[in-house]
Amino acid sequence: MKRIRSHGNAIGVVLFAAVIAALGAVDVFRPFGLRFSDLTGRIVTMDTMIRIGILTIVVVGLNLLMGYAGQISLGQAGFYALGAYASGILTTLAARHGILPGIADTWWWAWLAMIAGMILTGGFAYLVGRPILRLKGNYLAMATLGLGFIINIVSGEFPGLTGGNDGLTEIPRLRIGGFALWPMQRYYFLVWGMAILVIVVAVNIVNSRVGRALRAIHTNETAAGTSGVDTERVKVQALVISAVLASLAGSLYAHFQSAVSPNPFGFTVSVQLVTMAAVGGLSSIWGAPFGVATLFVISDLLQSRMENVLHIQGGGYEMILYGILLVLIMIFLPAGVTTSGVEWVRRLRRRWARSSGVETV
Amino acid sequence: MPRFFQRRPVRIIGIALIVAVLLIASLALGSLKHYSPQNYIQLILDGLRAGSIYALMAMGFVVVYSVTGIINFAQGEFVMLGAMICLSVDAMNLPLSPALKMIAAIAAGVLLTTGIGILMERLTIYPARRSSAVTLIIITIGVTITLRAAALLIWGADPHVLPAFTTLALEDRIFRFGGVMIQAQSLWIWATLAVILILLYVFLQRTLIGKALRACAVNRRAAQLMGINPSRMSMLAFALAAALGAVGGIVLGPVTRPIYDMGVMLGLRGFVAAIIGGLVSVPGVVVGGLLLGVIENLAAGVTDPAFKSVVSFIILIAILLLRPQGILGGGEKSTEEL
Amino acid sequence: MIQKQINDQGGILGPDDIRHPVTIVIYDDKTSNDDTVSNVNRLISEDGVVAIVSGTSSGASVAEIPICTENLIPCISMASAASITHDSKTNTEFKWMFKTPQTNGHAGQWQADYLKAKGVTNICILYTNDGYGKDSLANYKAAAEADGLRDIFDSSYAATDTEFSAQLAGVQASGCKAVEIGSTPPVASLVTVAVRNAMPNLIITSGHGICNQSYITTAGQAAEGVVFPCGKITVIDQLADTDLQKPVLQKYITDYTAFTDGEAISTFGGHAWDGLTMIVQALGSLKDGMALADQRAAVRDYLETKIVNWPGISGVFNMSATDHNGLTKDSLLFVKVQGGKWVAFPQKDW
């Protein structure tokens, strides 16, 4: 049984990676003069795909935390910001002020900064995680929300370090030796390579002992505690992993955008992240890319189509749709669209199997 | 056992001590900025005004939370809706005298917002009533986003003007005493808070339906066994919360300029006030709201105002971590039960 | 969130080039940095545009610097912060960045000159905690010091704030005689009301961020007597007929009103109009059959060298390699709010 599942996962990973690689290859080789965006009727572009990849990494972390450990976070954009700022500050300021000459201008400095960001953010999550995860449900939601707000506000101050409200610009592109991971088509492969790696690791975590402990906590924390699960430790671990993933995504964002400022890391972003996780299915790692993509496509559709077709401004309608979608999903499909979809297919198949006389479970 | 009205003299003394320490600290910092006594009085008065609005919002949080166990993110949007509906009706060309028109506008603001609160409960909370806290929070966030975006479409991104009650004009009457100024609208706000507090007390303590609401807050299951319909009570709680929010928005309207996204920060601060008060006691959160308003204003005044909102979030996290049952009494309904 | 201005501007210009049809692609940036950069990327790689007019906020404009620089594409911003075109590290202009609004430096100069004429020595500065506000603070301060004034207290607030007693306590305690406000509406209106209520006798001056009818509507009576520099479009009927800009402005107002069915003129539309008109003019100078990259470079060079004595909506532009804005203090006129309207308030009346 278990082997079958991991087998299925392996096939899924290969298939998914192949599709992603094929999509990217379209833009690299341009068969018949086609570009990636032509495949999607020019609604989804390379730029959007990279953003989807980056946020997928954050949402996978959020899945582990919310879907598996059952701990809500309304401040995930804060961890995302920490990663982005760690990369931004370390790669621009060190070079500007001539700190660490010979190191700060090498190609591996940016990667080192990325890792440093992950360690810092993970450490920060560990420090705040212990006390904060004692809280539950509503209280935890509000505490993480407050945390996210504080990080967001503080990042707009101290202009010497963070660039204030304008933020930092001219963050260098990533390189490996002399090979620049840019233009965008190359970056696409890096981001999605990381995203798939993260998905694989997360799926493995979920199927491991830790994953079982996490699910036990989600179902019934007291019961999990009495049956020997160190609930506090496991919860903190989930938070730290989610923070490290958010930080990684933040660094990728910083090198993609080449600029960081407080604007893209506000409370709205935390809510959007939760929405994406919810659409994909809170406890479905594989749902993450689809949840993120769904919201991006809705937003791009509304932006590029609604104005031209209906002659109305997209902004307000987009948010209304967003809100209604969120409510509907939470009421009717709390497991998420993809999970519910899979469930539905499975049920259909079962019905079909039953009618044809073969019993499957 | 949570009670709406509790007296805890010991804890009040504790609060007084904390306030004293904070005051001394702010005096020290304020002297660096050459603050005169008038400056402090002004800061405190303005803080009390803002705090009264937080208190009204916090009451809304408490009512909903006690009865249903839900933190209603949309509480801030009720404030916005109350103010916006009121000013829209007031701007209509009705054959009424200005004063009557204002009264009609206020009534419309409160009633329509209450209706929206009821609709919200019926359409989104009721169908998901058996879901987990996380799900319910996300639902109220979804409602918040929808209401705010709808407000943006209806009222636009520009702030609007609600006339001051005293003059029924844009400009309010201002009283000045030796360098300290009080807007007449502040008096309206304080009076409203007092009246609401009394009305709420009478409603919860003296009327049958109020008692049913309290019973539901104490023990939902037991209340149900006694023939109280918890679904009706949940609806009532949301209606009450929406009405409280709308009143807050309407009395606040003339001193700020209502804008579609005003609910965000107000809602969060109302929640912090509710947390200070322990989330279950009405007088507790009123003191919490006033306290938050004053602390926030003083802290911002003596340090850098840029960190004003940081102050309330630090208070939020500190209280959640150190005393989740609130500083002011409150309850044995600790976090473990959620 | 919604920059309705963006949409307002679009059609007025339409395809009107003589030699080639020009297509103007419009996206809504929602004043979000992410959406701005995403749209700029889309414009460059998907729509293959020659030049971009983008960035209604300073933050979004700064965020697009790396993209424009890297893709060698001229970008014209509609925000006013110095950091959009000026690289403070090398003290030169960013090669590919231009901007059309009047700068905060000019606005600071006007206010400082006025206050100096009024005999004020100590001033306070209140500003929004964003790119525009912080740039205003830096420029107002510098201009004030150049005029021998002293900034004895400055304080900021968030664009969404509604309570200002903390900031006002500082103003009151510092004892300054005038407040300079570096904000855009709506918060600028709220601050004006708060200052007026607390200290009715203080002189209030402001930057050109409030040249918007909504400022006066929202602030009401409190706006009376506030003085600030403003683009000429707001007081066009009070301009001398010899003014270079007058015919341009008149045509713009007629076109705009006709196109939008009498919507109020916004200065934002003017900033975009300037940028787009410059680009359209630059395109007109291009030879046939140039590669896209060459076109982009040629447009950039045209903007830098050929925009001389060029009357636009925001002022008379004189671009150069050391000045990618090309406006002077005279692109702004000093005005006063009187009876709910802007009234020209020339130096001789101070």
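Each chain gets a letter, A, B and C, in the order it is written, and its residues are counted from 1.
Simple rule for what comes next: a residue touches a chain if its C-beta (ideal position, glycine included) is under 8 Å from a C-beta of that chain, and two chains touch if they have at least 3 such contacts.
All values reported here derive from a predicted model rather than from experimental measurement.
Trainee: Between chain pairs B-C and A-B, which one is joined by a greater number of C-beta pairs in contact?
Mentor: A-B is joined by more C-beta pairs in contact.
Trainee: Measuring between Cα centroids, which chain is at the maximum distance from chain B?
Mentor: C
Trainee: Measure off the straight-line distance from the CA centroid of chain A to the CA centroid of chain B, and report it in whole Å.
Mentor: 34
Trainee: Taking the mean of the CA coordinates per chain, how far is chain B from chain C in Å?
Mentor: Result: the chain centres lie 38 Å from each other.
Trainee: Got the chain A residues that touch at least 2 other chains?
Mentor: 315-316
Trainee: By the touch rule stated above, which residues of chain B touch at least two different other chains?
Mentor: Residue numbers touching two or more other chains: 152, 264, 306, 309.
Trainee: Two or more other chains touching the same residue: where does that happen in chain C?
Mentor: 1-2, 4, 129
Trainee: Could you please specify the touching residues of chain A with respect to chain C in the complex?
Mentor: Per the stated touch rule, the residues are 35, 37, 42, 45-48, 51, 96, 156, 159, 164-167, 169-171, 184, 257-259, 261, 263-264, 303-304, 307, 313-316.
Trainee: Quick check: in the complex, which residue numbers of chain C touch chain A?
Mentor: For chain C paired with chain A, touching residues are 1-2, 4, 7, 27-28, 30, 32-34, 37-38, 41-42, 45-46, 58-60, 62-63, 65-67, 70, 81, 83, 89, 129-131, 134.
Trainee: Quick check on the complex: what are the chain A residues that touch chain B?
Mentor: 66, 70, 72, 74, 131-132, 134-139, 141-143, 145-147, 149-150, 153-154, 157, 267, 271, 274-275, 278, 282, 315-320, 322-327, 330-331, 334
Trainee: If we count contacts the way the header does, which residues on chain B are in touch with chain C in the complex?
Mentor: Listed in rising order, the residues are 33-36, 38-39, 42-43, 46-47, 50, 152, 157-161, 170-172, 174, 179, 181, 183, 255-257, 259, 261-262, 264-265, 297, 300-301, 304-306, 308-309.
Trainee: Using the touch rule from the top, collect the residues of chain B that touch chain A in their complex.
Mentor: These residues of chain B touch chain A: 65, 69-71, 124, 127-128, 131-135, 137-139, 141-150, 152-153, 264, 268, 271, 275, 306-307, 309-310, 313-314, 316-317, 320-321, 324, 335-336, 338.
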